[in-house]
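What follows is a set of structures for review.
Two complexes follow with subunit A in common, the first pairing it with subunit B and the second with subunit C.
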Partner chain A sequence: MSGVLEEQGIRGGRRPGVPWKQVPPVAWVVLTMIAFFGLTAPGFFTAGNFLNITLQGSVLLIMAVAATLVILTEGIDLSSGSVLTLAGVTTVLALQAGLSVPAAVVVGVLTGMACGMVTGLLVTAGKLPPFIATLGMMGMAAGLALVLTRQGAIYADLPAFIFLGGGSLAIIPMPTIIATLVFALAWVVLHQTDFGRYIISIGGNEAGARLSGVNTALWKFLTYVVAGALAALGGVIMAARLRAADPIVGSGWEFDAIAATILGGTSFEKGNGTLGGTVLGVLLIAVLRNGLNVIGVGAMWQPALIGLVIIAAIVFDVLLKQRGVIR
Partner chain B sequence: MAEQPLLQARKITKTFPGILALDTVDFDLLPGEVHVLLGENGAGKSTLMKILAGAYQPDAGTIALNGREMRIANPRQAQRLGLGIIYQEFNLAPYLTVAQNIFLGRFPHRWGLLDQARMHAESRKLLDGLNMDIDTRAKVVSLGVAHQQMVEVAKALSVQSKILIMDEPTAALTDREIEQLFATIRRLKAQGIGIIYISHRLQEVHQIGDRVTVLRDGKFIGIRQVSRVTVDELIAMMVGRTITQMFPRDYQPQGAEALRVEGLTSGSRLRGVSLRVHAGEIVGLAGLVGAGRTELARAVFGADPYEAGQVYVFGQQVRAASPDRMVKLGMGLLPEDRKAHGLAMILSLSENVVLSSLQRLFPRRWVDVGREREVVARYIADLRIATPSPRRLVQFLSGGTQQKVVLAKWLCTHSKIFIFDEPTRGIDVGAKAEIHGFMNELVKQGAAVLMISSDLPEILGMSDRIYVMRQGQIVAEVPREKATQERIVSYAMGHEVGR
Partner chain C sequence: MSVARQVRSHGWHLDPRILYGGSRLFVLILLCIVLTAASPVFLTGTNTLNVLRVASLLVILAIGETIVILTSGIDLSIGSVLTLSSVVAALALKGGIPLPLALAVGLTVGAALGFLNGLMVAAVKLPPFIATYGMLWVASGFAVVLLKGQVIYGFEENFRFLGVGHLLRIPMPIIIMAALWIPAYLLLRRTTFGRSLYAVGANQEAARLSGVKKDQTLILAYTLSGFLAAAAGLVYVARLNASEASIGTNMLLPAIAAVVIGGTSLFGGEGGIVGTLIGALIMTIVQNGMNLLGVESVWQGVVLGALIVVAVLLDQWARKSLASEGG
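Now for the complex of A and B:
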């Protein structure tokens, strides 16, 4: 009994015991899929295709990092897809208005932060459940994007801007680099700063954190602001890749981001989860989407198949946990 | 005397891990009597009630109903056997009507549909029998507390209960409503129904009771005819706890005022509470559960708002109080429920210890793990925290160790004022003595301590001064020299003594 507790009870350390038991099951699913696509699709196992997967997964990773931070505080952000759209729109509008590329990117990110501030205030000062507050923001941001674009795509073709989405350093695509930096930064914030500690303590026990003197309202508010900024960054990259801001480009992204987070083992309760797991969740979705393309499954069928695999992966995870095969 | 008891419980024993909650307790109930069950917090009243209700199974002992031995396997069976229970927290569905609540789970049907007419007619009859003019079509949420309670009574009677168990039925009632309740109880008695009446209010024993059984620390102390016992005798039976434990106290001269509360008011939970705590003293806050002590602690700490009153910390009035502000002013709260309010269970021991001090330790927001380890190592050594690793999750630590972690957290913020809410509840004897030792150390070093405790020996053994709370008010301030268990309990239960 005490042996088991000792194995479970250490945080941040290497856990003793059977090594394969510590691999999250989603990793096995990812490896299985890579093997499957590798065997069935000739073009899959190439360096070029792997870079392609990271490119395709980059925006999702940024969105999923944001979703993970919010879910760690026992919140949820349904607005991230709409904020992505809106930030893309304001960025392109800023470029069209003659702003420089860095200034336009700042406009885009500020758009997202403003959205995050509104949801953050609704959740903290307004005491709305995050589900409701972000559902409202989801509608507002999406609607505003439609108004600003007059319901059609708006275009931007400055080379310096397009470079953010289509360019590469050495052979690494820019979105991959940006997403990697975002992940690294988020990891450092979560593990090395007081902000990160507060996020985890709020999710673990908000009442307890507050009675420990943690200004829970402030840190929750900031989490939504950060989430808004990250969604906006996703929108900027998306616009740069498409060379345009489309008023419905982000719809559904919030669910992919949340799905990747859940696949990565982050729980909706008790602030339990890791950013590393989220990367695996993103990989699963990205590999699946890429692999389905490579083996020639039509775009029409992809969402249904991806949904199926997500459910299967989570059921797999739950079953293993119930049987005590993994923790 | 030949009368067959409705209920006879013999030698009921129930243990929970580490606690002997009931120790060979006897209890019986005659038809048409009110049998009061009396005892301090933790005496075993609730456990006994839950066993009769089928919610717990006794480890040993027998229960006989109408002379036949029975096993009450679950609450549903208790209901079938004619035991009706009215808990302090009502079990009513607020948005259903009175009649629907009375028949919840046993709706009468007619041709597959609810038989509304019958439901209302029978509810009407039950309520009329209680002499209660309540609209059976009203939603329960629209009723006052007293009427809701009557719905509970009607619900219990609707299954032909012969035995009613009432847990502190007057706790939320006004004097007038209490009179109504007593009238109802007398009517039920006349119908031969036996009532087990659990109460903290001593004066009610004589107002409504026929016999009274006193429990203390899970033991049967005695049974008396109410007509032949005085309140003072009852108090003596309740508190006769022997103080076996030694309390480590070095008394200090009273220092400067650290905390002053004036006229703190919040609804009916806190009604003009004033108190002072000085550096170098432990002030005990005694009272019954529900007297408002925890509410007071939370309000003072800024966790809950209050309508009127002021809090002064080291002579400075606190404005816009919030826990993070109070922590900055040097206050720490060790809450009653460590798991829910004191600790972040998913964080490690180390992370919990520094959680409230991150800003002080790491003003640049960067958590230096090496420094964190050093700081925490010191508290682990000072407080003799038993853990295999500072990175151990607190959820895997024992209760006593968890309490030490909470204490370490407030030492780490350099708190000067500590509010301990039930500091040693659920903690083993060894760790208890250690916690008491640390409290003594704290005040020796000039800290001010406000200690809420329902454990009378702890209150008497540890405090320099004692405030007693009852129904949201401070009803007495007792200096250490004059404090006795009888005195504290008398004040806590509202029995004024001239001593």
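Now for the complex of A and C:
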């Protein structure tokens, strides 16, 4: 019975009765927050501020897409924030060494892919638990970023580079455009390619996927490489926005990315979830950050408050699911 | 089982398990011999006490981490629990609250944060790395809020005694470490709780079915970890004579490295704090050695990350060959 319903859900057919139950709870939270900030802060409901939210959420969306792919394979990537930092550093160093902007971006993305390869090898060939492999990578990448920058920020001010972070096409900020492209590409890969099908099948039942002939080690490895590349892209955008690579800029980003993924309904145990849900999770965090700024909550309070809201939301979500209130 | 093994090995053949357990002690002794040869001051009484004093903070933290890892969990929040509880105690001291009460407040904060971790893991059933990673950011966020970005300097002599004082010429941190390590050892080896820890870690479902109070065991394990992190934080602040919001940031990786090098399995149920003591000494001597050899401190993150990964890889490899050899 429930299998039939689920199949209808997958094909996009509406279940009869209670349609509101199909709306993920995070969507209600986002709407409530938008209404709250809209009523309390005069500057919130403006086109400029909404573009601003997409700009602030863009790097997080890229990171969260990566986190979602990894979590769909029942893995975790605690290193993405440090990889973001390291890739920003290598990109700026490449620019300082006189490379062209596209070449420097390639250097940055390759840095991330290299980190992803090491993590992927440790998880697949080394059979390490993903959290320990990526915790090790977190230490190594963060340490290398400190070594390469000699513990201070390094600067890049080429107009063509800064455009990636601060420029806009028509009125839409470049980071928003890049993040949208990344999301679209990830959606196509996940839903229209063998790679995507394998990611989903590994998460559902890894042993089963392996027995039915899927090279699970290869696809998991590739997932970590893609995650590394996406974190690196986030690092390039951050460096372009800040016009500098800061050796601790990425600290904590992995937490926001994982939180957005979980809030978006992706499950660790079952390895199921959707990229659409992750967008809602990212919106939740981005709207919360933006709203707190607009209503004038100081920067000092924000990490504590946002962390508290995220953890409370995750606990609430899990408890509701266990009690069968929501699916 | 073990009798059968001894019979099969004819008594004279060294049990590979003992060989494996002893290998880290061998590494420690080897390190000491190398450093004694390299530096004439290494084996002096003063330097030995110095190494022990530096190691004791790590040992205190790593005892708690061992207890949690034995349950096949992980506590990623110890660094920021250390920070937040020591900040609260420091503010209490500066606010004129008597020393014993301020210490009790700090330890209670640590235990309470650990208790919350335990609730999230046992009752809500969040994966431990998610629950404690959330706690990491929340606790460090609140430490920033409480300190308002400042550093508190200069504490009363009685408090500072915990960090810089001596008893019978032995530095206080060593005495405090011993006063925590010995009860912890007895707790793990001689009590029902200790046996439950190993049982829960080895096989949570079987432990539950055979009457082990799994949830209570988990909650107590995380509470102890928070308590010990707070104890380490108090000693550290007493030694530094300053309280700031970033003191715990770089404590997590060394503590996990000490546990892993000490031979406690990340999959739970195997290991103990004798190994952790040796692991923490190895870590301290390696760090000490890097300083002696003039390795820049910025490299230490890289080394730590690599060390954790290599230690877990070696440990898994050794266990696998033990399993295939021992039958």
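The rule is short, and it goes like this: the second predicted complex is superposed on the first by the 299 of 327 C-alpha atoms of A that agree within 3 Å, B and C clash if a C-alpha of one lies under 4 Å from a C-alpha of the other, contacts with A are read in each partner's own complex, and residues count from 1 in each chain.
The definition used in the following text is that contacts are C-beta pairs under 8 Å (C-beta built on N, C-alpha and C of every residue); 3 or more make two chains touch, one makes a residue touch a chain.
Model, not experiment: these values are computed from the prediction.
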Discussion item. Can you tell me whether subunit B or subunit C touches more residues on subunit A?
Written reply: C
Fill in: Partner chain(s) touched by A:Arg243 [first = subunit B, second = subunit C, both, neither]
neither
Item to complete: Would you check which partner chain A:Asn272 touches, where first means subunit B only, second means subunit C only, and both and neither mean what they say?
Response: first
Item to complete: Could you say whether A:Gln322 touches subunit B, subunit C, both of them, or neither, answering first, second, both or neither?
Response: second
Worksheet, complete the sentence: Interface residues of subunit A shared by subunit B and subunit C, listed none
Practice prompt. Could you please specify the touching residues of subunit B with respect to subunit A in the complex?
Written response: 301, 303, 322-324, 326-328, 333, 335, 340-348, 351, 355-356, 358-359, 362, 365-367, 388-389, 391-393, 395-396, 409, 413
Worksheet entry | Partner subunit A, residues of subunit C touching it in the complex | 74, 76, 120, 124-127, 129-131, 133-138, 140-142, 144-145, 148-149, 253, 256, 266-267, 296, 298-306, 308-309, 312-313, 316
Worksheet item: Inside the complex, what are the residues of subunit A that reach subunit C?
Response: 76, 78, 122, 126-129, 131-133, 135-144, 146-147, 150-151, 252, 255, 258-259, 262, 268, 300-308, 310-311, 314-315, 318-319, 322
Worksheet item: Considering the complex alone, what residue numbers of subunit A touch subunit B?
Response: 5-6, 8-13, 192-198, 200-201, 203-205, 207-215, 270-272
